[in-house]
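Listed next: structures, encoded as C-alpha cells.
Below, chain A partners chain B and then partners chain C, in two separate complexes.
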Partner chain A sequence: MAATAETKGPSALRNAFGGVLGVFILLLIGVLAFSIRIFSVIKYESVIHEFDPYFNYRVTQYLTKNGIYDFWNWFDDRTWYPLGRVIGGTVYPGLTLTAGSMWWYVLDMVETVCVFTAPIFSANAAWATYLLTKEVKGTGAGLIAAALLAMVPSYISRSVAGSYDNEAVAIFALVFTFYLYVKTLNTGSLFYATLNALSYFYMVVLGTLLASLVPVVGFNAVMTSEHFASFLVFMENVTLKHNDHYNIEEAFSWHYAQLECCFRRTYASKYIPIIASVSEHQPPTWPSYFMDINVLAFLVPAGIIACFLPLSDASSFAVLYLVTSVYFSGVMVRLMLVLAPAACIMSGIALSEAYDVFTRSIKLQLPNILDNSPDAGDINSVSSIAQNDASKIDSHATTNKSETVSKERPSRKNRKKEKEKEIVEKVPSNSENKKRLLVLPLEASAVSILLLIVLGGFYVVHCVWAAAEAYSAPSIVLTSYAPDGLHVFDDFREAYAWLRHNTDVDDKVASWWDYGYQTTAMANRTVIVDNNTWNNTHIATVGTAMSSPEKAAWEIFNSLDVKYVLVVFGGLVGYPSDDINKFLWMVRIGGGVFPHIREPDYLRDGQYRIDAQATPTMLNCLMYKLSYYRFVETDGKAFDRVRRTEIGKKYFKLTHFEEVFTTHHWMVRIYKLKPPKNRIRGKLKKPRSTSKSSSSNQKRAGNTQKNPWQ
Partner chain B sequence: MAKSTSSDAQMLIRSLRTAYAATPTNLKIIDLYVVYAIVTAVIQVVCMGIVGSFPFNSFLSGVLSCEGTPVLAVCLRIQVNKENKEFKDLPPERAYADFVLCDLVLHLVIMNFLG
Partner chain C sequence: MDLRIPRVPLLVAVVALISLSSAASPTADDLVAELETLRSQSPSGVIHLDDRSVARFLTSAPVPRPYSLLVFFDGASKADHHRRRLRSEFALVSSSFAAHHASSPASSRRVFFCDLEYQESESSFSLFGITSLPDIHHVGPEHHSLRDSDRMDQSKFSGLAESMAQFVAAKTRLPVGPIVRPPPISSRQIAFLAVALLISAPFLVKRILEGKTMLHRLWMGLALSVYFLSVAGIMHNIIHKIPMYVQDRNDPNRLIFFVKGYGMQLGVEGLAVGFLYTIVGLIVAFATHVLVRMRNEAVQRGFMLVAMVVVFWAVRKVIYLHNWKTGYRVHTFWPTRWR
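On to the complex of A and B.
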C-alpha cells in the first residue's frame, strides 16, 4: 500500500501531462485537417468547385438574403423550365443551414464561408473520430485514428476548400452519431440516447447517401432497450422527412432503387441509365482503393483482429461498420467515402496495439540491457517492478510474468520459443490471465517501431501528394503545363459571364444536365435540366434534341421556349470530358424514353466514331454540328485532339441555329435558335411532313417509331 | 392428464402473481403506465382499421408516441430497479431526469408531426 501511495504522485503528474499533451495533439490534428485541404485555394483561388456545390452555394445565397421562412417555401422557377422545382421541399437543408448559421456569426462573405465550410468540418470530423475510437479502444488509438482521418485521401477528395457539398459535413455527422451511439452502449444512459437521436436527425437532414446507408448499418444492434428508444425516435424522423416532401410511395420507390443499386450491382446499368452514367456510381477498381485509403488497406485486417481481443459491444460495432462499408464501397466508388472513417478507426486500433506491444517489449527488456551484471535478484525485482508498471490493469498475472521473464534470461535466441511455451503452460493454469502479454525480442521491437514510423511517413507523403495534385482541382478552372509555362483555361466562367451580360434575364438556356447548376448559379439564367436529374423524361427530351437532326432539334427546343443552346467541346485543346464524349449517354437516355432514337444508328460496326466512317445519323445530329461548326477554320484539317482523328463532315452550314459565342479555347460554344421564317416557300409544311412520315413508315414496316414532334 | 396440466397452469399463474406482488410499488406504477400506453396504441390501430388511415401523419404520430413512451418507461424501469446490478451506481433521480428529457424530445417531434 505504501508503494502505491508513493507512486500515486508521479503517476497523477504523468496522467495530467498526458492529458495536456493529448489536447495539444488534438488541436494540431485539427489544424492539419484544415490546412491540408486548402491547397486548392493556394494553387487556384477561393472558388466553388465542380457542379453540385454551385447549387448549394446558390441555395445558401438565397437563404442568407431572404431568411429562413422564404427559404422553406421557395419554389425555383429558374430551373427545369417549364416545370420548376420545389427547392424548399426537396433539398436536404442541413448543409445550407449549417453554413447559414456560420455566416450569421460573420455577417459577411457568403462565398468565403461556403468555401471554407468543408475544411472546418473536416477538423470536426477528425475530433469526432478521436471520440469514437476512444470509446472503442482507448486514447492512444483515438489519437492515431484522428490523425489518419485528418489526412485520408478519400475524405479529402470530397472536402477540399471549395467543395461545398453535403459529404464534408455529413461525414462529421455520421462519425459523431456513431460516437454517441457507442457512448450510449457503454454507459446505458438515456441522455446519450437522446443526443444520439438528435445527431442522427442532423445527419439525415444533411445527406441522402448516408441516410440510405445507415439503416443498413444501424439495425443490427437493437440489443438493449436503450437503443430501441433512439431507434424509434429516429424512425419517426425518417418518416417525418419523407412525408413532408413527397408521398410515401415515391419515397419508397426512390429509396428502393438506391438500395437495389447498392445490393444488386447490375441493377442500375440495366434499368436506369441516368444512374449508370454517373461516373461516381461505377464500382471502384483495385488501384482506387490504394489511392484513396493507402496503407490503411492492409492495416484494417490487423485492426479487426485487435477488435476481437477482447470483443466488447463497442468494438463489435466498429467491426460491423467496417464490414458493411467495405461491401458497399465495392459497389460504388462514391461510397469509398463512408469506408474512410471505418478504415481509419480500424487502422488506429491496429497501430495503437502494435505500438503498445513493441514499446512494452522494449520497456521490459531495457533494464536487462542497462544492467549487464547477471544478478538474478536485482534483475528479477527490477523487471517485476517494470512489469507492475506496465500491467496496472491486469494485476493477477504479475507473478506469472516475472517468472516467465526470469526464465527468458538464459538465452536470447530461443527466447521467443520458450516464451510461447511458458504462455501455453500458464494459460490453462491461470484462468484469470485474460490479457496475454507478448514480449518480443528487443531488436525486433525497435526495428518494428522504426518501420511503423516509416510507414506512417509514406502515408503522409501520399496523402499530401493526393491532396495537392489529384484532388484540389476546382474543375471549373483547368490548368496544364506546357513547355512555355502554365496555361489556365477559364472558359467555363468566360461563357457564363458572357451569358450573364449579353442575354435577357428571362432567356432559357438548354445544355446537358451537367452544367445546369453552374449556369443558374453563375450565369443566372433559366435552364431546362440540371444536376438534380429528378425528371428523366425532361432529360430524355434534351437528349433527344441533341441527337436529332437540326430541324427536329429546333422544334423540340422551340417547344420548350429555349433561346440559347450551350455545348462543351474539348477537341481543340484536348479536354476529354466534353459533350461529344458524353454523347452516347444522351442517345441512351433519350432512346430510353423516345424509341425513335436508336443507339446502333450512331455506331459504325459497334464503334463510336466521328470521322469519315461515321454514320450519317451521327454526322447530321445537332451535337455533332454544334460541336464542329467552323472547326476546320482552326487548323485547316479539323483534327480533333480528344478523339485523335480528323472529323467526318468539315464544311457545313447551320440552318436553324446561329453561333453567338465561342470561348477562347473553343471549350464552350453558345448558339441561338433562329426565329422561324415568316414565309415558307414551296409546299405547305403539314402535308410534306405526313407524306415523309408515311413513306418512312412504308420503308421499314413496324420498326420505325413516330417522332412525337412531327 | 388434462387435470394435471390445468393444475400446473394454476400453480404457474399463482407463483407468478406472488412473485409480482413482491415488486416495489414504483415499479408497478411504471408497469401500469406501459400497459396503458400499449392499450391506447391498440385502440388507435383498431380505430384506423375501422375508419381508415386518412390523416396518415396523425395516425403515425399517435401510434408512435404510444409506442415510444412505453419503450422509454421500460428503460426507466430497468435503470431504477434496485435488483439490477448493471445500474447500481446510477442515482434514480438521474434516471427520471433522463426519462423526462427523452419524453420531451419525443413529444416535440410528435407534436410537429401531427399535422
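On to the complex of A and C.
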C-alpha cells in the first residue's frame, strides 16, 4: 500500500478517494450491523432477553450501584439458597465491566446500555473483521468480509438488541485479538505485540471461549494450569521474535482450550444429564449450516484455496482458524458462533478474488469490443490503457506479495525499492503479450458477476429474514399471529411482578433452574437453583421434589425453607417449552442423585404421556398436579394444546399446596406451601377412632409450634 | 401324609408315557445331538430354522425340553440396516456364548441360538405371533405354546450384543460371558496396509522433501476434507450412530435417503448436501485461479458455462432441500408503500 501512495498525480487522488470511500463503506457496514439487530426492539420493546442476560443485567446493576470493589467481593445470598453464590469470584467480569464503563462514560441508563451493548459490539466486530481480512488478503476482501459478518445469522442469533451476553462481545474480542496477532506477525512491531497481549487478556477476562460457550467449565478453567499455560505460551511468543511455527502454536493453545471443552462435553453428556439436556450442545445437521451461515457455506472452500495461493503467515493463520472452528462447530452446534467470523473471512476472500477476476476481465476487454466496430484507429491508445491497467494489477499483486515477504525482514524499504524496479522492468514485457493478461471471456464474466450478486442478494434476504423472524424473539414476551390479530403473551413479567409486589422480600421461590436468573433479577426473590448450574445435587433435589408425590415434595421444599413454587405451563396456549416438556429431564437429573426416582416409572411402554394412559407415578407427581390443577375448568375437557391430548387426571385437590396466582394465559402458576398444621390434620384422618379431644390437643400443639417462616 | 401315596403310580405313569412317546418320536437326547450338529455347521453357531425344524424342535418336542432356544426373526430383504446390525450382534452373542461354554458341554447343550426367515417360514411366524421385524424371542424348556415365549423388549435391547447377553443370561440363567468382538480391521488387512505404507514411504518422503507445494497441497486437501465432513454433519451421524439410509416402512423395496426435520439427518443426505456445499466453492476457486490461466478462449467459455450451470443448480437444490426439510419460507421485507 505504501508503494501506491508514493506514486504521484491522479493515482494519488484516486487512492485518497478510495480511502474515503472505504471509510464510508465501513461506516455503512457499522450502521447495517447495528440496525439489523434492533428488530427485537422494534417488534417487541427494549427489553433484556432470555435467561442468562438477566443475570448479567443484574450483575451490571449491582456494579453500577455499589461500585467495583463491592462488586468484586459480592456474595449473593439471593440464589442457590441456602448455599449462596460468590459472584465476584465466579463471574467473568469482562462484559459487566465493559457495559459498566459504557454506562459510566456515555449513558446513564443501565438497561438501555445493556440492551444495546450487543449491537454496538457487532459493529465493532465487523470493523475488526475488516482489519483482520485486510491483513490476510487486502482491502477488498476485508470490506466484503466485514459486510458479510455484519449480517451473518449465526452471530445475529447471539447479538440482537437485548441479548446482553458474553458471546456478543467475545466475538469482537476474538476477531480483534486475531487481527492484532496477524498484524504483529506482519509488521514485527512491539507496539502491536503489546496491544495483542492486552486484547488477549481482555478476551480471557470475557472468558467466553472457555466458559460461556460451554457451561460445564466453571471458573476453574481460568485457574487451571492448561489455560494459564496457553496464556504463557502466547506471551512468550509475543516477546520472542517471530518464527514460522509460531502462529500454529498460538492457534493450538487457543484451540486446546476448546478441545478441552469438547472433551469435557463428551464426558459431561455421559455423566451429567444437565449438559445433555441443553439442545445447544448437540452436533448440528446440514440445515444448521444453511440457516446459520447460509451461502457462505458455498464460498468457504474457494476461500481456503485462495488462502493457499500463495500461502503467507496471515493466510495460513486464517486457514487454521477456519479448519479448527469448522470441526468444533460440527461437534457442537453452539460453536457455530466461532465458525461464523472464519466463514465470513473466507467467503470475503473468495468473493473478492472472484470479483477481481471477473471485473478485470470486463474492464480489460470491454473497451476493445466497444471500439473495434466504430473506429479502428483508437485501438492503440485503448489497448495501452488496458495494458497499463493490467500492469497496475500485476504490480499491485507483486507489491502485495513483496509486502508480506519483506515485512518479516528489517530492511524492508530497500527491498521494496528493488521490487519496484523489477516491476518497472516487467511492464513492457507484459504489454508485449496480451495473451498473458489473466482474463476470462467477457460475457461469461458478466453473467458470473450477475450470479454472484444474486447469491449475495439471497444472503441479504436470508439474513434479514432470520434477524426479523427467527432470532429476535425475546422469549420473555411472546407473540402469536391469529386470524383475529396479534396476541401478546406477557405472562412471565406478570408473574414476576406479582411475586415482587405480593410476597415478602425474603421469601424463597422454588422453580426449575431455567427461571432462576429471571426470578432473582425481575422479582428480586431468593431462588433455590438458577441457570448457573454449578451444584448438581441441589438441582437434583429440586428435580426430585418436582417428581415426587405432593407430600414428599412438600417435605423437601419445606426443608429448603421454600414458600412459593413456580411452574411454567403451556397447555392452555400451546407454549411448547414448558415444565411438562422439560419434566423428564427433572426426573433424570433427580434420579441421578436420588435413586428412588426412576425414569421408567414415569413412562408407559417407554413413552412419555400425560393422558389417560399415563402411569400413576406420573399422574401423582407434583409437577403434573401443579401444572394441571383446575385445568379442566378452562374448557371443560382439559385439552392440553402442547401435547395435543386430554389429560389423564382432571379432577383432583391439592393437599399440601395452595394456588395463589395464575397469570392471564395460565403460562406461569404460583403455589404456596400450606403451613404444617394441615399436614397434622391429614395424618389424623387415618385413625378415625381417635377421640376428638386428643386431636384438638394435637392441633393446639401444632399451633403453638413455631412456624419456621414467621 | 396321605398325599404321598399316589406318587408312586404317578411316577410309573410318567415313565411309561415318556417311554411310549420316545418310541413314537425322537428322544430329547436325539434332538439335542441334532441341534448340536446343526450348530456346528454354522460359523457363528446360529442355527437356521424353518417350519419343519420348528415343528420338530419346538411344537412337537415333549415339554419340558432339555434346552431353550433363542430365536431371531429375520426378513429376506437385506436392505434394512438396523436389522442387519441386530442380526450380526445376535451372531456375536451366539459365538461369545459358545466360546464361554466351550469347556462345559453340559451348559452349552442347554441353549441354542436360531434364526427364522419370514419368506421361508411364514406359518412359524404366526405361531409365535410376530407382527414386526426384527424380533427376538426366548423359548424356555417349559413353554407349551410358542405365543407364551418371552419376547425381548424392543426398548431394552438397544441393539447391542451386551444388552442381548443380559437378556439371555436373565432368561436361561446361564452367563453368556464377555462379548468377543472381531477387530475392526483384520490382521490380513493390517499386514497389507503396512506393506503398502512401507512401499510408498520412500516416494512420499521424497515428494514432501522436494518442495513446499506438495505439503501445501496436502494441507489444502486436508482442510477441504475437514470442511466437507463438518458441513455434511458427519459428527452428528457418528455421535448418534445414524445409518446411511433407511427402508421405507410401507414399501420395503424403496429406500429413504432424505428425512424431514431440522435436528435429524441420514448419512447419505448429509454427504450429498455437504458435497453440494463444497462443489460450489471448488468451482469458484477453479474459475478464479486455474481457468483464468488457460490460453484457449473456447475452453474457458465452455468451462464457464458448465460451471455456472452446476453452481446455479447446486445452490438452488440446497435452497429447495432446506425449505423442504425445515418448512421455512424465507421471504423479503419491502416497504408497505411498495405493495
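The definition used in the following text is that the second predicted complex is superposed on the first by the 547 of 710 C-alpha atoms of A that agree within 3 Å, B and C clash if a C-alpha of one lies under 4 Å from a C-alpha of the other, contacts with A are read in each partner's own complex, and residues count from 1 in each chain.
The rule is short, and it goes like this: a residue touches a chain if its C-beta (ideal position, glycine included) is under 8 Å from a C-beta of that chain, and two chains touch if they have at least 3 such contacts.
Please read these numbers as outputs of a predicted model, since none were measured by experiment.
In the superposed model, A:190 makes contact with chain B only, not with chain C.
By the touch criterion defined above, A:651 reaches neither chain B nor chain C.
Of the two partner chains placed by the overlay, neither chain B nor chain C lies in contact with A:69.
In the superposed pair of complexes, A:105 makes contact with neither chain B nor chain C. Of the two partner chains, chain B is the only one touched by A:198; chain C is not.
Of the two partner chains, chain C is the only one that A:329 touches; chain B does not reach it. With both complexes placed on chain A, chain A has more residues touched by C than by the other of chain B and chain C. Listed in rising order, the residues of chain B touching chain A in the complex are 56-57, 60-61, 64, 67-68, 71-72, 74-76, 78-79, 86-87, 90, 94-95, 98-99, 101-102, 105-106, 109-110, 112-113. On chain A, the positions that touch chain B within their shared complex are 188-191, 193-194, 197-198, 225-226, 228-229, 232-233, 235-237, 239-240, 243, 248. Listing the residues of chain C that touch chain A in their complex gives 155, 212, 216-217, 219-220, 222-224, 226-236, 239-240, 262-265, 269-270, 273-274, 277-278, 280-282, 284-285, 287-289, 291-293, 295, 297, 300-301, 304-305, 308, 311-312, 314-315, 318-319, 322, 325-326, 328, 330-333. Chain A meets chain C in the complex at residues 279, 282-291, 295, 297-306, 308-309, 311, 319, 322-323, 326-327, 329-331, 350, 353-354, 356-357, 435, 438-441, 444-445, 447-448, 451, 455, 458, 461-462, 464-465, 468, 605-606.
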